[in-house]
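One chain, subunit A, links the two complexes that follow: it is found with subunit B in the first and with subunit C in the second.
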Partner chain A sequence: MTAIDTIPNLDRKKPLRPSQVVGRIALYATLIVLALFVLMPLAVIILNSVRFNDDILRESFIGWPTRLTLENWGVAWGEACINASCTGVKPYFWASILMVVPATVISTAIGLINGFALTKWKMPFAGFIFVAITIGVFLPPQVVLLPWAIALGWLGLSKSLVGLSLVHIIQGTCFTTLFCRNYLINLPDDLIKAARIDGAGFFRTFWKIVVPLSPPIIIVTIIWQFTFIWNEFLFAITFSSSDFRPITAALMSLNANDTGVSEYGFGSAAVLIAAIPPLVIYFLGGRYFVRGLTQGAVK
Partner chain B sequence: MAALNIENVWKKYGNVIALRDVNLDIRDGEFVVLVGPSGCGKSTLLSIIAGLEDTSHGTLTLGEIDVTDLSPKDRNIALVFQSYALYPTMTVRQNITFGMENRKVPKAEQDKAVADVAKLLQIEPLLDRKPGQLSGGQRQRVAMGRALVRDPQLFLFDEPLSNLDAKLRVEMRTEMKKLHKRLGQTIVYVTHDQVEAMTLSDRIVVINDGVVQQFADPDTIYQKPANMFVAGFMGSPSMNFIDVEVTGRARAITAVHRGDGADIDFPFGATREELAPYIGKTITLGVRPEHFRPAGEAGLTLTVNVDVVEPTGPDTMVVFSVAGKSLVGVLNAKFRPEEDDDVTLSLSLDEACFFDTEGVRIRGLAE
Partner chain C sequence: MSETVTIPSFAPRPKSRAARLSQLVPIAVLLPTMVATGIYIFVFVLWNIYLSVTNSSILPVYDFAGFDAYTRLWRNPRWTTGVWNLALFGVLYIVLSTVVGIFLAILMDQKVKGENLLRSIFLYPIAISFVVTGTTWQWILNPSTGLQSFVRNLGWESFEFSLITDRDTAIYAVVIAGIWHASGFVMVMVLAALRGVDTDMVKAGQIDGASMAKIYRRIILPTIWPVLISVFIILLQFAIKTFDLVLALTHGGPGISTTFPAMFVYDRLFAAGELAQGAAAAVWMLIGLVVLFLPILALNWVIRRQKGAVK
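Showing the complex of A and B:
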C-alpha cells in the first residue's frame, strides 16, 4: 500500500444547469411571497399593540407607528374591561393556565398508558378499543357539544373549571392515545418480555421501561394538547361563566366596551398575550416536535 | 438446576398448529439445542418453556414442579434474547439488578451478585455504561450476565449469537461451552445454525413443521438421522439423495440408480442385510459430500463430469454429474479439477444411509 500524503479539495459541488438556477429563483420567490402572506396579520397586530389607539383610528388599521407606546400591554393585562369587570385579561390568563396544565398532563398520561396497554400488553379486543377511541379524533366538536352539556349537568360540573378540564381531558385522550399507540407499537417486544421474566408487572414495566423511552412522544403530545386546549374556543365559550372563563372566551368580550369605540391598541396586545404560552411551549420543545412526528416513518 | 420434562405439548394460533405433540425429556445439567428452519416452531417452544406463551395442550415440569400455568417470573428460568433486549435507558448495572429489585433482594446481596457475575464475564469496566455505548459482543455478555445473576434452574437462549460477526460468534461459542462446563446449568438453546447445534449440544432436537423429527446426540443426528429431513437439514452442503432400486439377493445386494443412459451400481454385498426386505423396491440412498474422495482411496470408483468448482479455502466443493444425476462432493483443497472435466472419484459407502418411500431411515439390523 502507498501512503496518501496530499488531500485533494473535498468540497466540490455539482454545478447547477441554467434551468435549475431559474427553478431555484422561482422557488425562493414563491416561498418569500407565501411567508409574507402568512406573517402579515401577525405583523399588523404586533405593530398595533405599540401604537396609540387615536393614531390607529386617525391614520389606518394597517400602518407604521408614528409614536411608540407600551401602555396598551399594561391596559390589556390589568385594566381593560371585559363584561363590565375591569381586570384586564390577567384573571382569564391564569384561569386558562389552571385548566390547561392539568388537562394536558392528565390526558398525556392516560394516552401513554392506553398506548402501552393497547400495543404491548396482549389486551383482549385491543384493535376494537383502539378504533373506538380514535373515532373521537374525527368527530366534529359540535356533535358532542350537547351530550357534554347534559353530562356536565348530571355531574354538577356545568360551567366550572373542573367541568371544562374534564371535557378537554376526555376529548384529548383520543388524540394522545392515537399518538402514543403509534409510537409505542415500535418499541421492541423483547424488552417487555424481558421485563416480564424479570418479574415486573404492568405499572412497573410502564414506569421503568416504557416512560424512560417515551420522551419524544411525550413532548409531542404535550405541545399538541397544550396548544389545542389553550386555543380552543367552542367548548370554552359554551362551558364557561363569569366565575370561570378561559382567555379565548374572554377575548371575545374585550372589544365590546361601553363607549362603542373600537380599542384596537390594547385589543392587539391582549391577543398577543393570549398567544404567548403556546409559542413558549413550541420554542422549548419544537425540535422534539418535528423529530417526534417523523419518528418511525423511516427506519 | 433441574430437569425439564415436556409432555404432549401442542400450540395453536388461530387455525394454525405451531407445535404438535412435543415430548422431550431434558436431563439435569444437559445442554440441549433446538434446531430447525425458520418458522418450524423452535422459538414458539422456547417461549412456551419460558412462560411467555401458554400451551394449548400438554404439561411442563421443571424439577419436581408443574410449571405449565406459572407466569415467567415464578418459573425460575432466565432467557437470553437474540436482540439481547437490554433496557436502553438503564446502565449495565441497573440492567443486571432490575430483576433482583423486582424480587426485593436486599441491596448488599444485589451488589455481591453483580460483582460476581461481572467478574465471571469480565464486564466490570462496563457496569456504569448504557447499552448504546457497548459493542455487540459486550451487549451479548451483559445479556448473559442478566441471566446468570438470577441463578436460575434453567437457562433459555434464543439465537444468542446470530447478531454477532462471524469471528466473534466462534469465540463466544467456545466461551459459552466453557461456561456451561463450569456452571453445569441445564440449558435449552435455540438456533438455526447447525454448526452451533453440533458443537455446543449434549443432545439436539431437530424440529420441522412443529413436529420433533429427532432428539439425539450430535453424532447420532449426523450419522444416523431419523429421516430424510434430518439428513438433509444437518450438514452443509446437504447430503446427496439418490433413488436406487435394490437388486440381487440376501447377502449379495446391489443398489442400482437408473440414470440417463447409464445405470450406477452401488454394490453392498453382505454389508447391509437390512436391505433384504426391500429387494425389488425403490428406496433412497443418502451419501454425504465428504464421502467422496480422490481416486485411489478405498470405495466405489465413479467417473464424473465436473459442473462447478468452489474452493472454500480448507476444502474444495465440487458439483458434478454422473449418469445425469447432479451430486455435491467436498474434497481436500489440493483437488482442483477444471469445469467440464471428466474425473474419477472414489465414494466410501460405509456410512451411506437408506430411506424408505416414507423418508424414514432404514435401520441396520444391529441398531
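Showing the complex of A and C:
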C-alpha cells in the first residue's frame, strides 16, 4: 500500500477565499490543541523525571522544572524499593528483555512458517485451523488463567521466566500466524510452484522464496509482538514471583505502595523506563506500526 | 507487490519415496501449533468451564457441584458493580474513542501539512502500556497533586476537578484515560480507510453540489464501514479485558466503585481462594464477548457479501 500519501484530490490549487483561510486556521488550531493534549501526559512525566520531588510536592505534579536533577533516573534504575527489595527497576527491566526477545523471535518464526504451510500447501482442516487460531486471538485471557496456572504447576514452570515465556509464545503464535497468513496469501502461487517443479522441498522453498519476500510482515509482526508482550500485565503479574518479575508488574507495585510519602520524581523516571522500549520501537518503525494496524483490518 | 524475484534454480531430483514423504512436512510443521493452540483454546476453556461447576475453593477439586458458583456470583456486589461499570465504561469508551477518532481522521484528511508528525503524536499512546497510562493519569487526575492543584496555583482558587476521588464519577476518569489511549488508533484506521475511498465518486458529488457533510454521510461512511467494524471489535475486546488500566488508575476505588469483572476474576482466583467462583466469572466474560461478537460478525459478513468479496 503506497496510498498513505495520496490525498483525495478535492480541489486543485486555487487562491483561498477569506472564509477558507479562517477554516484552515481553525483546522490547524484544533489539530495543534488536540496534539498538545495527547502529548501532555508524556511531557508531564518527562519533566517530572528531572524535577526534585520537593518541588513537585510544593508546586504541582504539572509544572515546569525550576531546578534540574538527574538523580531520579539513578534512583529509579538502581535504588528504588519495590516490595521491600531496593534494587530499582533494573532487574525487572532485564527480566522483561529476557522474556520478550526470545518470545517475540520464536512466535514470529513459528507464525511465518505456519502461514506458509497454511496458504501454500494443501492442508487438511485448513479452514478449521484458521478459525481456531482466530478464536485464540480474541479469547479473553481470564478464561484460561486458572488452567494455565495449574498446568504450569504440573510442568514445574509456575512463576518462572520459561513458564511465562511459554504462555506468551503459545498465545502469540495465534496472532503471528494470523498476521503472516494474511500476508502470504497474497504471494503469487506460481513462485512456489516453480520452486517445487525445480525439486525444492518445503523448507528450501520457505527459506529461499518465502523468507526473502517477507521482511515487511516480519517487521510488522516483531514490532507488534514486542510491544504487546512488553506491555502485557495480567499474565506478567500472575505468573511471576520475587525471583522473576517483568517490569509492568514491578511498576504497579512501585507506584501502589502506601509508604505515606509520594515519590513522584523517581516514580516518573521508572514509568518512563518502562515506556521507553516500546516507544523507541514505535518511533523507529512507525511506518510498519501503522501498516500492521491497518493491514489486519482492511484485508 | 512490485518486487521482482529471481527464482534460484534447483537441481532436479528424482521422484522417490522421500519425495512423497516430504508432502507430510507441512503437516508436521503445523502440528505443534495445532496441538498447543488446541490445548490452549479448547482444553483450557473446557477445563475452566468444568472448574466453575465444582466446589473448588483454594485448590481445584473435580467433583461436580452444580451451578452454585454462578448464582452466588450475581449476589456479590463486587461482581454486579463490576458488570455495571464495564457496561458503562464499554459504551462510553467505544463510542467516544470512535467519535474522537473519526473527527481527528476527518481533520487529518484535509491536506494537512505535517501529517506524518501529527499522526505519530496522535498514535503514540497505543504503544504505551495500560500500566503506564493508568499510573500517569492517576497522577494527573489526582486533585491534590495534578490538574486541580495546577489550576489553583495559577490563581483560580475555587477550581474543582476531582472526578477520581468521588465514587460516583471515578469511572469517568477511567473513560478519559481509555479515550486518550485509543482515539489515535481509531484515527489511523479510519484515515487509512478514507484514503481508500473512490475519489471520482466524491468529485461527482461535489459537482452535483452536495455539501461536504452529505458527501461524508452518503459516499464516504458506507465505504469505511468494514474498518469501523474492525475498530469496534478491537475496542470491545480491550474494554472487556480492562484490568491493568483500572488497577493502576483507581485500584478499583474509591471503595469498589470502579471495580471491573476482570479484577473480580483475578481477585477470586489468586487472592480470595474462590477458584470455582473466579472460573464462573471468567465464563461470564467469555459469554459476554461471544454474545456481543456474533451480531457484529454477522453484520460484517452481510456487508462483505453486499460489496462482493473484499477478500
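As a working rule, the second predicted complex is superposed on the first by the 257 of 299 C-alpha atoms of A that agree within 3 Å, B and C clash if a C-alpha of one lies under 4 Å from a C-alpha of the other, contacts with A are read in each partner's own complex, and residues count from 1 in each chain.
Criterion: a contact is a pair of C-beta atoms (placed from the backbone, for glycine too) under 8 Å apart; a residue touches a chain by one contact, two chains touch by 3 or more.
Note that the coordinates shown come from a computational prediction; the quantities given were computed from them, not determined experimentally.
Colleague: Name the contact category of A:A29: first (subunit B only), second (subunit C only), both, or neither.
Modeller: Neither partner.
Colleague: Quick check for you: in the superposed arrangement, does A:K193 touch first (subunit B), second (subunit C), both or neither?
Modeller: In the superposition, A:K193 touches subunit B alone.
Colleague: May I ask you to name which of subunit B and subunit C touches more residues of subunit A?
Modeller: Comparing subunit B with subunit C, the partner touching more subunit A residues is C.
Colleague: Give one of first, second, both or neither to describe whether A:L213 is in contact with subunit B, with subunit C, with both, or with none.
Modeller: It touches subunit B and subunit C both.
Colleague: Does subunit B (first) or subunit C (second) touch A:I135, or do both, or does neither?
Modeller: second
Colleague: Check the residue A:R204 against both partner chains and state whether it touches subunit B (first), subunit C (second), both, or neither.
Modeller: It touches subunit B and subunit C both.
Colleague: May I ask you to decide whether A:L284 touches subunit B, subunit C, both, or neither, giving the answer as first, second, both or neither?
Modeller: After superposition on chain A, A:L284 lies in contact with neither partner.
Colleague: Looking at the overlay, does A:I276 come into contact with subunit B only (first), subunit C only (second), both, or neither?
Modeller: neither
Colleague: Need the overlap of the two footprints on subunit A, from subunit B and from subunit C, as residue ranges.
Modeller: In the superposed arrangement, which is not itself an observed complex, subunit A uses residues 188, 191, 194-195, 198-200, 204, 208-209, 212-213 for both subunit B and subunit C.
Colleague: Please output the residues of subunit A touching subunit B within their complex, sorted ascending.
Modeller: Touch list, subunit A to subunit B: 188, 190-191, 193-200, 204, 208-209, 212-213.
Colleague: Where on subunit C does subunit A make contact in their complex?
Modeller: Against subunit A, subunit C makes touches at 1, 3, 5, 7-13, 22, 25-27, 29-30, 32-34, 36-38, 40-45, 47-48, 51, 60, 104, 107-112, 118-133, 135-140, 142, 145-147, 149-150, 153, 180, 184-185, 188-189, 192-197, 199, 202-203, 206, 226-227, 230-231, 233-234, 237, 240-241, 243-244, 247-248, 251, 261-262, 265-266, 269-270, 275, 278-279, 281-283, 285-286, 289, 293, 311.
Colleague: Quick check on the complex: what are the subunit B residues that touch subunit A?
Modeller: Answer in residue numbers: 50-52, 71-73, 77-79, 81-83, 85, 87-90, 98-99, 102-103, 146.
Colleague: Where on subunit A does subunit C make contact in their complex?
Modeller: 1, 3-4, 6-10, 27-28, 30-31, 34-35, 38-42, 44-45, 56-57, 59-63, 110, 113-114, 116-118, 121, 123-124, 129, 132-133, 135-136, 138-151, 170-171, 173-174, 177, 186-188, 191, 194-195, 198-204, 208-209, 212-213, 227, 230-234, 237-238, 248, 251-252, 255-256, 262, 264, 267-268, 271, 274-275, 278-279, 281-283, 286, 289-290, 293-294, 296-299
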